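Please go over the structures that come below.
Two complexes come next, and they have one chain in common, chain A, joined by chain B in the first and chain C in the second.
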Partner chain A sequence: MEKRLIKKDALNGIISKLSGEMPVYAPVKDEDNVLFKVLEEGMEPLVAYSNTRNAPKNFFFPQTETMMRYMRTEREIKLSGEDGEAREAILFGVRPCDARSFILLDKVFDQEKYKDPYYIDKREKTIIVSLACVQPPYSTCFCTSVGGHPMSEEGADVLLTDMGDNYLAEFITPKGEKLLERMGDLPAADGSADEKKKELSESAEKEIKSHIPGKEIKPWLDDNFEHPFWDTIHQSCLACGTCTYLCPTCHCFDISDEVKGSDGKRIRTWDSCMYWLFTQETSGHNPRPSQKQRWRQRLMHKFKYFVDNFDEIACVGCGRCVRYCPVNIDIRKIVTDISKL
Partner chain B sequence: MQKNPYMPMPVDVVKIVTEVTTKDIKTFRLAFVNKEDEENFKYLPGQFAELSILGKGESPIGIASSPTQEGYIEFTVQKAGVVTSALHNLEEGTRMGVRGPLGNSWPIDYLEGKNIVIVGGGFAFTTLRSMINYMLHEDNRSRFGNITVVYGAREPGLLIYKDELAGWEKRDDIDMYVTVDKGDETWTGREGFVPTVCKEVGPASENAVTIICGPPIMIRFTLPVFFELGFSKENIYTSLEMRMKCGIGKCGRCNVGEKYVCKDGPVFSLAELDQLTPEY
Partner chain C sequence: MENVEKQLREEAKKLLADKKVDVIVGYEEGTIPLQTSPCFITNPDDTGKLVWNSFCSQNLAKYVHDIIHQHRESQVRVKPEDKTKKVVGVVARGCTTRSLVIHLQERQYGRDEIVIIGVPCTGYVAKRKVSNLVDDNEILEVSVNGDKMSVKTAGGDKDIPFKDVIADNCLNCHFNNPVVSDIMIGSEAPPMDVDREYHDVNKFEKLSVEERWAYFTKEMEKCIRCYACRNACPSCYCKVCFVEQSQPSWVGVGDDPTDTQVFQIMRMFHMVGRCVDCGSCVEVCPMGVDLRKFLKKLDKDGFELFNHRAGADLDDPPLLSTHLMEDKEDFIYEPEEQS
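On to the complex of A and B.
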């Protein structure tokens, strides 16, 4: 693996040069939020930010996406797919928890039998530059409980670690190494950088104060689909869907048609298991008719079903659902409470 | 990269048959516009496809034809929601879309060499019809043992595939028991509920598998009959329905526990269903 050092004051120049060659999406201040936006001339990425309000999943799985366009006449239909149109781009400044979410989303969208061409096309053409959490930003961070780490390189093509005066840049994948060629001459990092990183990594891990027994509750979930505990979570839930929309790993979507005259398009939009319409059938039957069942579905999907299918918890511990739930439902508390049953 | 699994293939509606006196169940015969699509659409009885009406959306429907019927595919559809209502308004000659085949099938390999009992109720007879035509085809008939069919509807006008039922009644390599809950003045056939008829017929459970599709109430009363006859849960199969969109296990709404009905089903044995969460 190539390891280089980037002087702190040189980083913006490098990013700015790259953004002249291809779109660079980076965290920028947007009113009260930090959001990923494409860098335009004169814009600088925020590097001293905690994390973006929205998860970066929308780069590969947009909130609304045209799947195909069509034209209808009496006897003909003309269809054209909207896949394969992604451009090469850089996603800069992704936090390790969010970078790890891509690995989990890959398991859904990039399966052997059914590949999702819209997701895969964008995923393959995007270079992910992660920014390690030397100081984990929130008290709600719990990545280490669900298989992640504040300085993890998982999901990253390039990992930047703030070492004080320099960034240590690790070029992890072939995509990352290709980016190095475009970044100009950078001095190589020596063994002392590795040592320093190790120290930072250990202290960062200690800074994660929030822990949940994510893996430990699986046997209980296996056996307790019917349990009085499930009556205790959902009462305050408004079914607003904020948790699922902000979640880096939630991937449910709806498909619908939009028509104007003889032209139309088929689009997909994010959907949420928190909504009753999600499973409402035309006959009137609904397998998950109450919010109790929908909350059970959300928790079970993340901590049991996804584990059954892919041997991973479908949660990266970013804490967004905890911070932004309007009625303070805390998935950490639910998981912890289950572990005490 | 492989073909985009979300793109419908163009088909022409070549024939529409109104199946029932209430006129809300029709069978649509669809022919592929492109030869290549037809060749790629390799399916087995029990699978389904997304019928696509551009401008309205898609609806997942079981394939009612058998792969032994070449040159077209058939779907029997009840008029219910936006897409199926639009479908019911189509005329022969219209062009529409099909995406599939999707899901697993009736367990053909497992069924080989066994006696097959088919139990259907009302309109839920579509993929069972596919299975029957598949088994009755001259290339396949010897692969299966006795075939017993119990098929019922509330009244004679609600039985679907009437011409085919009459044809099967005449054959000596399939035992047909068609019944209605209540006959009318023209009905000369059997009267009685499906569970009762199953009990009267009493198929032997040895080396036999039952495939059952119908309204939940029929299934609820029929299953005990088969348990009493000695059928194990491993040898009773059914097909589930759930709201679906993508049909390929990504959009997240048709899961029953860790299984997706679209991708891991829709066909499950009762033994498999026992392992899943009771949420369907």
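On to the complex of A and C.
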């Protein structure tokens, strides 16, 4: 693995040079929100930010995606693909929790049995530059409880770590190493940088304030589909999509046709287990008719079904759902409460 | 506030113990600063968790409607003689009582199905205002002392004048005391700055059509269609919202900007004479869309054209379902020519 040092004041120059060559998506302040946006001339990415309001999953799994178009003529139906393939791009400044979410999403969209060409195309062409959390940004962060780490390189092609005067840049994957070629001459990092990173890593881990028994509740979930506990968590839920839409790992989708005259397109859109239409069948029957069942689904999907299928918890501990739930339904509390049952 | 809380808990306990209500809908302490969570209490011994403070932002009338209607649905297959009634006690500030009045006016439930525990209100804290004032540093602890709020953040501590963090709708609220109640807690709250109620709307009205449209489209671009606004709104109680109807489908499900605009415009027009300016839709929005600007314009029209204030009086007929001979009609033609 190549390890280089980037002077702090040189970083923006490098990013702006790269953004002349390919789209660079980075955290920027947009009115009240910090969001991933494409950097345009003169824009500088935020490097001292906490985390973005929305998760970066929409780069590979957009909220709305056209899968194909069709045109009906008198004789036939003509099918065509979508506008063209994805372009090479850089996703800059991704927090380690969010970078790790891509590894989890890969398990769904890029598995042996099912390959999702829409997702894979964009995923393969995007270089992910992560920014380690030397200082975990929120007291609601709980990445270490669900298999992550504030300085983890999982999911990153390049990992930047703030060392004070410099960033330690680690070029982890071949994609990352190719990016190094475009970054110009950078001095190599020596062993002392490794030492320092190790120290930072240990202190960052200690700074994580929230801990949940994420793995420990699995046996309870296995046995308690009908437990009265499920009656207690959904009551205040507004059934809005805030938690699932801001979540880096939620990936349920719906497919529908939008037709105009004789032309149409088939689109894939985000779905949410919080919506009453979720798993509604054509007959009108819904196996999850109330918010209670839908909340159970959310918990089960993250802490049981995903573990059964892929041996990982479908949560990276970013804490967005905790911070932005309008009625303060706190997944940390729910998991902790379950562990006490 | 302490006293109000104490009295609130006692009254709630009494209501449950005397079986005057089946459930109390109130607020409980949140797990993070600036938050409370709606709570539902059925056991008199649990009323100690009720709180009443500046972070109680949600309009609880929404839950009252949901609980009563869910109960009614569960009774559909019950023999008439065995049917039961569910009585809901609700902790209600001024705007919440106005929403309850709208439900009653619209025959959503009977007056005997609710017990209103009125609380005086001096405005709730808008979370976004606080975050903006502390440069987005994470807020670790807050306390309100009189007219100032002390905020402890990851980037240092700060004292903020309380009026700077109160939600916009509260600042100019006419109804910070309940318009109707069965039990009143505490003493009447002092009036808010009502003279400036339409200040923002007046300013917005003066902009050109293009400028107003530009503002609307910019705000709508932030929307992620999570429907938190609609779901938090007590007046949005349609069983199936038009955005979720599929035969016909009125609005596309994708993120086409026009679909988002249509959703928001239609929702707003459903609010004419029914929006109590509780600010819940704004407070729950994860993206900070300024919905109030447009809703307040509709409210202003209702007031200035028909002297109507949504949910202000149980005896008022709903705005759009009544016609009075003296109602203004000039807007039906060409208002520009007339003026």
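Here is the rule we use: the second predicted complex is superposed on the first by the 339 of 341 C-alpha atoms of A that agree within 3 Å, B and C clash if a C-alpha of one lies under 4 Å from a C-alpha of the other, contacts with A are read in each partner's own complex, and residues count from 1 in each chain.
Methods note: contacts are C-beta pairs under 8 Å (C-beta built on N, C-alpha and C of every residue); 3 or more make two chains touch, one makes a residue touch a chain.
Keep in mind that what you see is a predicted model, and the values were worked out from it rather than measured.
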Q. After superposition on the shared chain, which partner residues are touched by A:185: those of chain B (first), chain C (second), both, or neither?
A. neither
Q. Can A:254 be said to touch chain B (first), chain C (second), both, or neither?
A. both
Q) Is A:293 touching the first partner chain B, the second partner chain C, both, or neither of them? A) first
(Q) Looking at A:120, would you say it contacts chain B, chain C, both, or neither? Reply first, second, both or neither. (A) first
Q: Determine, under the contact definition given at the top, whether A:279 touches first (chain B), second (chain C), both, or neither.
A: first
Q.
Once chain A of both complexes is superposed, is A:112 in touch with chain B (first), chain C (second), both, or neither?
A. neither
Q) For A:63, is the partner it touches chain B (first), chain C (second), both, or none of the two (neither)? A) second
Q) Which chain A residues are contacted by chain C in one complex and by chain B in the other? A) 254, 256
Q: Can you check the complex and tell me which residues of chain B touch chain A?
A: 1-2, 4-8, 10, 54-58, 80-81, 84, 93, 95-97, 241-243, 245-246, 248-253, 255-258, 263, 277-280
Q. Hey, which residues of chain A end up touching chain C in the complex?
A. 31-34, 49-50, 53-54, 63-64, 137-140, 235-236, 238-242, 245-246, 254, 256, 258, 267, 269, 272, 275-277, 322-324, 326-330, 332-333
Q: Can you check the complex and tell me which residues of chain A touch chain B?
A: 67-68, 70, 72, 75-77, 79, 81, 83-84, 108-109, 111, 113-117, 120-121, 225, 251-257, 259, 264, 266, 268, 271, 273, 278-283, 287-288, 293, 297, 300-301, 304-305, 308-309
Q.
List the residues on chain C that touch chain A in their complex, please.
A. 30-32, 35-40, 58, 62-63, 128, 131-132, 136, 138, 140, 222, 224-228, 230-232, 244, 252-256, 283-284, 286-288
